[in-house]
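Quick one: structure below, then a few questions.
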Amino acid sequence: MLMDTIAAISGVNPRKCMRCGKCSGSCPAYDEMEYHPHQFVSMVESGRIEELMASKGIYTCLSCFACIERCPRSVEPARLIEAVRLAVIRQQGKNHLTPEQIPQLLDEDLPQQAITSAFRKYKR
Amino acid sequence: MKKIAISELNSLFAAIAADRKLYIPTDDSTGQSQFTIWEEGSILSRNVNTVRSAKDSFFPQVENLMGFKVTGKQIELIETRDPAESFAVFGVRACDVRSFDILDRVFLTEPVDTYYAQRRENVCIISLACGKPSETCFCTAFGIDPAEPKGDVTCWMTGEALYWQPNTEKGEALTAQLSVLVDADVADIEQEKAAIRATAEKLPFGKLDLSAFGQGKTKELFNRPEWKALSQSCLGCGTCTFICPTCQCYDIQEFNNGKTVKRFRCWDSCMYSDFTKMSAGQPRPTQTERFRQRFMHKLVYYPDNNEGIFACVGCGRCLRKCPIHMNIVKVIKTMGEGTK
Amino acid sequence: MQVNKEWTPTIVAFCCNWCSYAGADLSGTNRLQYPANVKIIRIPCSCRLNPMFILRAFQRGADGVILCGCHPGDCHYTTGNYYARRRMTLLFSMLEYLGIERERTRVEWVSAAEGAKFAATMNDFVKTVTALGENKRLEDLRCKE
Amino acid sequence: MQRVKEKAIELLRSGEVSRVLGWKTGEFFYDLTPAVFESVEEVEKGFVFSLFSGANLSKYLIAESKKEGKIAVFLKPCDSFSFVQLQKEHRIKRENIYAVGIQCDGMCDGESLRSAGCEGMTGVEDGESLTVHTLYGDQVIEKKEALLGKCQTCKSKRIVDFDELIGQQGEDVPSDRFAEVAKLEAMTPEERFAFWRTELSRCIRCNACRNVCPACSCEKCVFDNPVSGVQNKAVADSFEENMFHIIRAFHVTARCTDCGECSRVCPQNIPLHLLNRKFIKDINELYGDYQAGADFDSRPPLMDFRMDDPEPSVIYTRGGAAK
Amino acid sequence: MQKIGVFVCWCGSNIAATVDVEAVSQALAQEPGVVFSTNYQYMCSQTGQDLIRDKIKEYGLTGVVVCSCSPRMHENTFRKTCEKAGLNPYMVEIANIREQCSWIHKDKAEATEKAIILGRAAIAKVQLNAPLQAGTSPVKKRALVIGGGIAGIQTALDIADAGFQVDIVEKKPTIGGKMTQIDKTFPTLDCAACILTPKMVDCAQNENIHIYAYSEVEAVKGFVGNFKVTIRKKARFVDTTKCTGCGLCTEKCPQKKVPNEFNLGLDNRRAIYIPFAQAVPKVATIDPDYCNMLKNGKCGVCAKVCGANAIDYKQQDELIEEEYGAIVAATGFNPIDLSKFNEFGYSQSPDVVSSLEFERLMNAAGPTGGTLLRPSDGKHPHTIVFVQCVGSRCDGGEKGKPYCSKICCMYTAKHAMLCREKYPDTDVYVFYIDVRTPGKNFDEFYRRAVEEYGVHYIKGMVGKVVPENGKLKVQASDLLDNRQLHIDADMVVLAAAIEPDKSARPLATMLTASMDTNDFFTEAHPKLRPVESPTAGIFLSGACQGPKDIPETVAQAGAAASKVIGLLSKDHLLCNPCTAQPDEMMCNGCSSCEKVCPYGAITYIDKEFRGPNRTTLLRRVAQVNPAVCQGCGACTVACMSGAMDLKGFSNRQIMAEVDAICK
């Protein structure tokens, strides 16, 4: 079920991953993460989505899309992680975040890219 | 003699159609008229005549004769004949009514064509006198009176009313069913008849000289040189044949859909290059011979076999519709002049 | 042998011998499924497809007709599919003009290497034609008895 | 118009030609018949060029040009396109033909007058408008209304090929001949289907359209040929109505000069030219403007291609009614 | 009515598992014309063929329908079977109930029903089959090899060895191809030049081989056994018959700034040049894009210094027409363009090099004389990072190729090993996704790189390479350690994917040979006919058919040669009897068919016919040359009257199939 949701939101087929690790090689936030981009993919594929959802690591993804850009198999880990984050939001029933609310949610430690990413994400 | 107001025509048609199919001439999208099955809303055409003749009623362009079913290596026969049901055709002009006699002589003499016969038996023909003949009309040349058409019932139309005169038992029986008709005086239509006859007098070919044709004229006409010039520009299409009320040739073909075979007949035209083609080839190899065949048949061969009756009724359809404007009148005139 | 089932369309696929027929074989070799109501007729080249064959198929009960040939530029006979392309474009346009559902006819270029494309094309075409339902506008009732 | 007859006489008299292909007087004013005249006397007696010389004579040349001696033919602009197309297809022997081009302002025929409302016609007076004498009195009708359908959308006054010209050479004229096609294209498929069913269901397969058509000049038509596998003589089924007309239109694709004879001769008034024009319009739009019979060198679009031709799916996306 | 025998094949369980073969043979026995119907385990086996032969004789069969695998597989087999039994081979039709039925359907009832319908269609067709006789056409006993790399060279040598004439067309000034640029070969580490150049010399000296170097194929006409090829011999502006290859001109030419393609632009050459010392033919070529004399008429130094008087500034391209019986495509490969891979900094830093460039940097004849030096500063690199699968195994997109380029794992191991061997002070990292080493002594070779030479093989991929302060900052993942690595490298070597040469696509169009979506030539059968194109008379050699290493290429080159030899050793070829045929009685003489015939097989004659009433008619009618007609059928549709029909695929046959399928 959850896997279908992730697939539907992300439009990504994690089975296409050939485990090359280019995503993790590209990731600027690698060391901040509990799970690394290549692990997102394999965890989604093996159904360990709840673990992912519970991990703080998914919020350290900056949505810089380097992995999307570089992935040779069009697996696009950032889309998956985005989908997992959305799944969390939906679960909480908070899928109605508006751009106006974002400034209030900011704190000093939040990286600039994450703010940009949030805008990018919610302006749609 | 009965009558009904023109404004009430619809109720008359409805009454006739109550227990049978009724065909009446209606205008198509291009303003020409065709016999169509009457239904609520059908409007009677005011044209002189239909594009296709009334022969379709008994001798449709395509008619299934029988079927075969092939299962494995077994063949069984299937009856495909339409069930017999009575029907009426309204608005048949004098010329077309005469054409039925000509067709009857072909189809109803032994061996009787049972498909034709069945339809013929079940029809009630309601003819209609010609109010406004066309310049192409020349039925009078064949002794047909456009003011007094035959048929099971004869009708006349004046400005206000349709007059109805049953002629046969079938006609009487139908009339008895039609309570919408009211009694009328025979004298009421005399004026109309006279008017029609007066117009008929003025028809350019109304008194066409047919003396060169008829029984026993084969030798005189067959090898005449005029045929070549007359047929020269003939396209070899079947228009004249298919709109002609007296053409009665057909071809028998089969259609195999892989499971059943339908044997059907369809109109054929002696103008076609493959008409009566046999294994030895084409008995009439050029268009001249095919052209000659058509007119010789109408004007000589048929009369030879039928007490001098011509197989043309002067409806004038071919005069209007031939793509190159060759027609029976031109043939009659040219050959007639040639024999003088 | 009649198998009881719901109505499924009859699909005729004309495949050129060199590319698409081989592509169809490849989709078989790779066990890529497509519905059984697709029946393939082998022709030497897409340019062998006479419009009469397409009409014939509809007459005889086909609900959809598809032509598969080599990709333009790859014709085994150099130019055949270019001619086929024009012929089919005009024919389909005429059918459309007569009000006959345009989705019933299709041309796809399928190379000998595109087994997957062949199967996908057939699946999609069957889906499209199934959605359209029976061919009514270009039917011959004598063939439906 | 008298000059045409004089030219016919002159050509025969001078021995330039041994025969003349023209139009012969009929029993009425309107029923002219294409005819071959072999002597001055015949021409004097029967030759006529009038408002009713609508018939396209070019197809007769297939047979006539193969006979002994030279034949003169009179060609109106639209006829000359057929004449050229037949030459391109090697169907006629040009060296046996003396082509005389004649200008034309549009033609009428009995049926077109009847459609305009005349019945019982006995004579006509040509002028600004036409005065038609009938059994039931005179009728005045606008010439425009009485013109043949094909003349109402005349595409060209240019005589493409000729040995001699009577009157002026003309030019291609602007024509909205595709308007009717476009109107149909704009309908929904259901409307189009209904339209064509109404029209084609009247077909009696008399073959007039085919036999008059200069492009339909096959030695043996597939529909007449038992070996072809599609032979049929009658419209036994609505399918066969469609089949005949689709295939006929397809066979004349890019060869049809749009001379309009098919619609003129159809006894059932089926607008057959709309089928041919559809193909012409499609070709113009998809492969570039092409007019069959307009020249000697162009390659017919169906015997030609470009690498970047549109795919057949183009018809799904092109204008016309949406699904 | 034919007497038809139906033979349903089980193909073991391939067909029988999903199709009820008994039901099929029983149902088809009911079809009109069928006098015998049976099924058997393997129709193509000797016993199966014997069965067919026996039944032809027993029942006097006039037509045979085999329901089996694709006709592309065994049509010929069964045709021969029937021929042996005295039946015309074209009286056989195959119903494809394996590839197009049993293998694609799961439901047995459905598949059985379809098999019956396909059988019916074949029966309907065979009803209308007519015996056909194949004509013959002579074979031109000369072969053309397009591409002068190791594949082309080997093919040509093998063909020439068998005694046939063979021409090599090579677009570069010298033959030799990619292999000339390679330093050492895996897994033996022989010097590539040492094993290649003798073969190049053999070619030049073999009297059966003619080399058209610096030439390209311009047009191909004809068909198997009778190809007519136009070859464009590009102007070298040097008379090759006079040039001695002394090289003096290449030293004196004042235009020194021409990127040297042999060294992949890592150094420069002159405007007049000989690609490398062992070039064959060893003659100079003037590069018209750089030559001052050709560009603006000022210079002429080479002409002045040439003792042989070989320089000819007015030389023009020459078009040569040759006839061949067979053509071999050996157009080879190229590494893909790496400039699109910004993340690896290929365009940003000269120290990020492709593997082929690395070969040149290691090669004694290369720009550095064989000492490994960084292109940027000429210093010795201490840390070298190799990245594998650059552009290979990509999912669609424009950047990469979906396939594995096959040779990269091995040459990267070779590079890594050579580095460590020559310069033990270097740290060598190889980032890999998978290491693929199937092949004789291949895995051993790779293991040696790891075990003996201490190359660091890291499972993971480089994410980005950023040039910074003369170093290359490499960021990569180590998937097994689950950590991200940051390496300051001196040099990065990218194992670029390989792709077919760009000239292959237009060539394939000329040859009417099919290609796959990646522009590799398609083979007639992936397993059984790997060196033949589906187009008769066209053969495939080397990497133009798919990625290959040298041993494989040489093996395939030999195989292609043997196929060519087989073809050329025939005096005559049987023509395809399925050719177009006009019915003269119906022909309009309109030339429509002639206009669409791609082979010029149709001509017209004026012929007398009997007309009605003892007249004669002279009519223009079409004639088809059956030796030239290839049977595409374009003419049959162009023909309005249906006079033109195609034997074996006649209008009525196809319609009969349509009818059988649709009923």
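Order of writing sets the labels: A, B, C, D and E. Residues in every chain begin at 1.
Please note the rule applied: a contact is a pair of C-beta atoms (placed from the backbone, for glycine too) under 8 Å apart; a residue touches a chain by one contact, two chains touch by 3 or more.
This one's a predicted model, so the numbers in the text were calculated from it and none came from an experiment.
**Student:** In this assembly, which chains make contact with chain B and also with chain D?
**Tutor:** Where chain B and chain D share a partner, that partner set is C, E.
**Student:** Enumerate, in label order, the chains that touch chain D and chain E alike.
**Tutor:** Where chain D and chain E share a partner, that partner set is B, C.
**Student:** Going chain by chain, each one touching the next, work out the least steps from chain A to chain B.
**Tutor:** Each step joins two touching chains, and the minimum needed here is 2.
**Student:** If you average the Cα atoms of each chain, whose average lands nearest the overall Cα average?
**Tutor:** C
**Student:** What are the two chains with the top count of C-beta contact pairs?
**Tutor:** Greatest number of C-beta pairs in contact occurs for C-E.
**Student:** Looking at CA centres, what chain is most distant from chain D?
**Tutor:** Between chain D and the rest, the longest centre separation is with A.
**Student:** Measuring centre to centre, with centres taken as mean CA positions, what chain is farthest from chain E?
**Tutor:** Max centre-to-centre separation from chain E belongs to B.
**Student:** Taking the mean of the CA coordinates per chain, how far is chain A from chain C in Å?
**Tutor:** 44
**Student:** Just curious, how far off is chain D from chain C if you go by their C-alpha centres, in Å?
**Tutor:** 36
**Student:** Can you compute the centre-to-centre distance for chain C and chain E, using the mean CA position of each chain? Integer Å is fine.
**Tutor:** Chain centres of chain C and chain E, defined by C-alpha means, are spaced 29 Å apart.
**Student:** If a residue has to touch 2 or more other chains to count, which residues of chain B qualify?
**Tutor:** 255, 257-259
**Student:** Scan chain E for residues touching two or more other chains and write them down.
**Tutor:** 596, 638, 651, 655, 659, 662-663
**Student:** Chain A: which residues touch two or more other chains?
**Tutor:** Not one residue of chain A touches more than one other chain, so the list is empty.
**Student:** Check the chains against each other and report every pair that touches.
**Tutor:** Here the touching chain pairs work out to A-E, B-C, B-D, B-E, C-D, C-E, D-E.
**Student:** Any idea which chain D residues touch chain E in the complex?
**Tutor:** Residue list for chain D touching chain E: 66, 89-91, 217-222, 225, 227-230, 251-252, 299-300, 302-304.
**Student:** Across the complex, what residues on chain E touch chain B?
**Tutor:** 30, 32, 612-613, 659-660, 662-663
**Student:** Report the residues of chain B in contact with chain D in the complex, numbered from low to high.
**Tutor:** Spelled out, the residues of chain B in touch with chain D are 28-32, 34, 48, 51-52, 61-62, 132-135, 199, 202-205, 229, 232-233, 235-239, 241-243, 251, 253, 255, 264, 266-269, 272-274, 319-321, 323-327, 329-330, 333.
**Student:** What does chain C use to touch chain B in their complex?
**Tutor:** Going through chain C, the ones touching chain B are 60, 140, 142-143, 145.
**Student:** Given the complex with chain C, which residues does chain E contribute to the contact?
**Tutor:** 23, 27, 70-73, 96, 98-101, 103-107, 109-114, 116-118, 121, 508-509, 512, 514-517, 522, 534-535, 578, 596, 598, 630-634, 636-638, 646, 649, 651, 654-655, 657-659, 661-663
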